[in-house]
Amino acid sequence: MTAKKILLIAAVMLVFFAFVGGKTVITMWVYDEMAANEEMELVKAQKEFMKRNPTVELKIENVPNRGLMEKFITASLAGVAPDIIHVSTTWAVELGAIGTLLPLNDYIYASGKDKEILKSAIDSSTLDGNIYALPWISDATALIINKTAFEKAGINYSRDTAMNWSEFLEVAKKLTHDDQYGFGIRSGRGAAYGWFPWLYANGGSLFSPDGTKVTFNEPEGKEAFKFYTDLFTTHKVIPPGAIAYDTWDDIRNSFLGGRIAMYIAGDWEIAPLRAANAAFEIDVIPHPMQVRRATSLGGSSLGIWSGSKEKDAAWAWIDFLTSAENMKVAFSYGRFPSRVDALESGFINDPLIEQFIREFPYGINHASLVGDYSRTVIGDAFTSVLVYGEDPDTALDKAAKIVQEALNEALGK
Amino acid sequence: MNVKRFFDKHMGFFLMSPTIAVMVLIIIVPLIIGLVMSFFNYNLLTLHRGIPFIGFSNYSKALGDENFWMAFWNTLWWTAANVAGQVALGLSIALLLNQPVKGVGIYKALILIPWAIPSAVAALSWMWLLHPEFGLVNDIAVRLGLVSEPVAWLGRPLTAQVWVVIARVWKEFPLSALIFHAALQTIPKDLYEAAEVDGAGVWKRFWNITIPYLKSSIVVAITLITIWTFNSFNMIWVMTKGGPGGATEILATSIYKTAFQRYNFGFASSQSILMVIFLSAIIIFYLYRVEGKKID
Amino acid sequence: MYLSKKKRIRRALLVHAALFVLTFIILLPVLWMILTSLKPTAETLKFPSTILPENPTFQNYLAAWRNMRLGTYFVNSLYVSLMTTFVAIVLGCMGGYALARFRMKGEKAYLMFILVTRMFPAVVFLIPFFIMMRNLGLTDSFTGLIISYTVFSLPFSIWLLRGFFRNIPSELEEAARIDGCTRAKAFTRIILPLSAPGIAATAVFCFILAWNEFMFANTLIMSDSKRMLTVALVASISDFLVKWNELMAGGMITTIPVIIFYLFMQKYITGGLTEGSVKG
């Protein structure tokens, strides 16, 4: 073999590796079809990122939100999870505690992200000092109302002051007439999610501050649970069909169809509500309160799989996506970035979305070691009260016992 | 030539061994792994810390677990209702198809359709039919005045139980219809005609001619449907995930949840071994009563 | 004929009427699926429903194919189902032929074993398979899925093919062998052509078995790009949006190939059904 030939082969191999072998491939799972087509901002950001980092090939896969946590844990167990995962903010500590997510502290502090991202959102992703995911999008819930129905019933409302529970009940009763019901809730896990702010508003909490004890069945919790379930069982201001309002879609359609006049949800509802061209006017008012104002602080975060082989490249993408210049990505989906400078960014000019952002200071996240599971169990408690007619106190105590057992197990007791 | 002859002589062995090897690898080995796992505390947390052997603890935990027994009883009525529904509907259709009337062949082809549909798709289409607000079932029920307003059929325990059974009977009955139809065709036609001439009524003919001829295929159908329903997973999983509040939780869905939602693989394995033990009574009956004769 | 003509006509009408009504009720869910798949979204959200689509559209099929990415999943399902069928038929022909023609030790036990595996709950295999695939690095791969489908399709195809091979008189083969054919040659020249319809029917059953499967595909495949059709449809029900018209169009896309196969293979279905456990 001549030297020329050897050189040629070496050159070919070099070119080959430069194109194929030299690329760092990272994969991301994203939910809500955020990367469904080329026109979407996330896909544009992906292309921009790859242009700026020519050695990295970023693949984005759309995955269903339902059952995503289980799918990610299963994939992680099987050793085939994606490098970057888009998770609900409430899942981060749970996924982190079982070792599927990488603590991001070093990356976050080195890049100064801790000063750029909302502290409350970072806190809800932190367990024992480890930050398991970086909040990307945040949301808070508020009361969405059928303004026209309010006016017809002669009810005045305030966009600034929250109603207390008895005022709320009064309004809900006034709005319940003919085929219309005052209020709507989702069933099962959805009911639990909707109930958490009522628990907080009554001064209650899901777990003790050190996270080792279940507290949602203490007197404040029981009172809130009874109030919430009574809306259905005693006051009948919630339609009987609500026990099958499984998805946001179900409850929104019920609202749009004039079946319910109020429901609690986050800013993600506004885009589809506007798109549906409702036959009535819509407004958003503060979440009802009791001893304090409270609302569900939710949203989604970005985490890195603990088994990822390309952690630095994965972080580079997370860093890029949560930067100031890419706030437009979250806004393009009608969502709100978790950045402290988001409000001043001038992107928000929707009076309805603004109402949700005004709820942020009262936001509480239900993240915990068994946060997602407790949602399932409390959801079952709702089912047993609303469907089987069980006593609310008994149902809540039962749920507390199950969650406490799971918590003990998770803590290794 | 010798090699060829050797190969020829032992061909049976050469043909059998690959399939036996594959069957051992993909059936026996997994079953042994499952059995072994059931004696360990194999879950998400122990996976990293070391998996302890715990003897029969998983089994005693399962047998003392009220959820396990709830799933067991649910599986029993789920199976019984399915067997009754599928045999009744299958037999009626088969009897109609067996009438000496021209042009019934087209119906035979058409009633097979539900059975051809993938069960996941069938379950989705039933979810849509039973939709709490826009479903066709609600539409018909309201129009007929059976209910005053749309009902969340899958949101209430009793109605959910009834509808998952209806959905699966709808999906699976063509099987028993075909089994019965095949059996009915073996009955000599002149038997009926002779009986009719002798003045035997419809019921008498049914009990004295049809049923005796169908006896063995009814046994086959009942055992097969029992086994398959006992094992079934898809329809309930897609339609209700075992809800509301466990009303439609059967062993298969409950085991799946233990394994892939609570990640307790050891506990799930012990439950699945128990499920096989429950099932083995029916399998043994089937093997000796039905297939044992056919094998020779 | 002992019956009078009038009586016969009356009976024919009665039977047809009964069958027509029953078949209509039975097909109602399918009809509803078709009708919904042709309606624009606004029309699906009407109550009382519009029975026939007021503005029929094929848009949902396009949307399902593109937006729900059913095109990709269709190809995935096709690949896995074809490979499963291939494996089951090759191995099934070998095993089925051996069981049909040779007297072997333990033959009866082996047949019993095949029967029993077909009656085991799938969930019993699922958990060990997940652990095995994990250790072999085969989770989230088509290969892993094909291997797990073989658990059900192989016993089934061995059983069915054994039946078909046994129905071919062994004299034919013996005659060929006397004329100097080896067993292998006799098999390929005589048995295979004669049992071709039976093999085709078995192949169709194996294909459908894999195509309709849900539980293994739902558990062993994680990434979106490798998802199977049935799983993708169920997964498209999200917390935020369910487009029933597109979902029903997707259901039709998934079902049509199966129905076409059935229409072609109708003759063999009864035998296959009663002999084997095809379930979806």
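Per-chain numbering from 1; labels A, B and C assigned in written order.
In the analysis below, contacts are C-beta pairs under 8 Å (C-beta built on N, C-alpha and C of every residue); 3 or more make two chains touch, one makes a residue touch a chain.
Just so it is clear, the model here is predicted, and its values are computed rather than measured.
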(message) Going by the touch rule set out above, what shape does the chain contact graph take here: line, ring, star, complete or other?
(response) complete
(request) Identify the chain pair with more contacting C-beta pairs: B-C or A-C. (result) B-C
(request) State, to the nearest whole Å, the distance from the C-alpha centre of chain A to the C-alpha centre of chain C. (result) 39
(request) Starting from the mean Cα coordinates of chain B and chain C, work out the distance between those two points in Å. (result) 16
(request) List, in ascending order, every residue of chain B touching at least 2 other chains. (result) 133, 150, 260
(message) Residues of chain A that contact two or more other chains, please.
(response) 74, 77, 253, 257
(message) For chain C, give me the residues that contact two or more of the other chains.
(response) 45, 47, 130, 219, 237
(message) Per the contact definition, I'd like the list of chain A residues that touch chain B in the complex.
(response) 70, 73-74, 77, 98-99, 179, 187-188, 240-241, 243-245, 250, 253-254, 257, 259, 380, 383-384, 387-388, 409-410, 412
(request) Would you pull the chain C residues touching chain A in the complex into a rising list? (result) 45, 47, 67, 69, 130, 133-134, 137, 139-140, 219, 222-225, 235-242
(request) Could you please specify the touching residues of chain B with respect to chain A in the complex? (result) 44-45, 47-48, 132-133, 149-157, 243-246, 260-261, 263
(request) Name, in rising order, each residue of chain C that touches chain B in their complex. (result) 2-3, 11-12, 15-16, 18-20, 22-23, 26-30, 32-33, 36, 44-49, 91-92, 94-95, 97-99, 101-102, 104, 108, 110-117, 119-132, 147-148, 150-151, 154-155, 158, 182-184, 208, 211-212, 214-215, 219, 230-231, 233-234, 237, 244, 247-248, 251, 254-255, 258-259, 262-263, 266, 269-270, 273-274, 277, 279-280
(message) Which residues of chain B touch chain C once you look at their complex with the stated criterion?
(response) 4, 7-8, 11-13, 15-16, 18-20, 22-23, 26-27, 29-31, 33-34, 37, 92-93, 96-97, 99, 101-104, 107, 109-114, 116-126, 128-129, 131, 133-134, 136, 138-139, 142-143, 150, 170, 175, 178-179, 181-182, 193, 196-197, 220, 224, 227-228, 230-234, 237-238, 251-252, 255-256, 259-260, 265, 268-269, 272-273, 275-276, 279, 283, 286-287, 291, 295-296
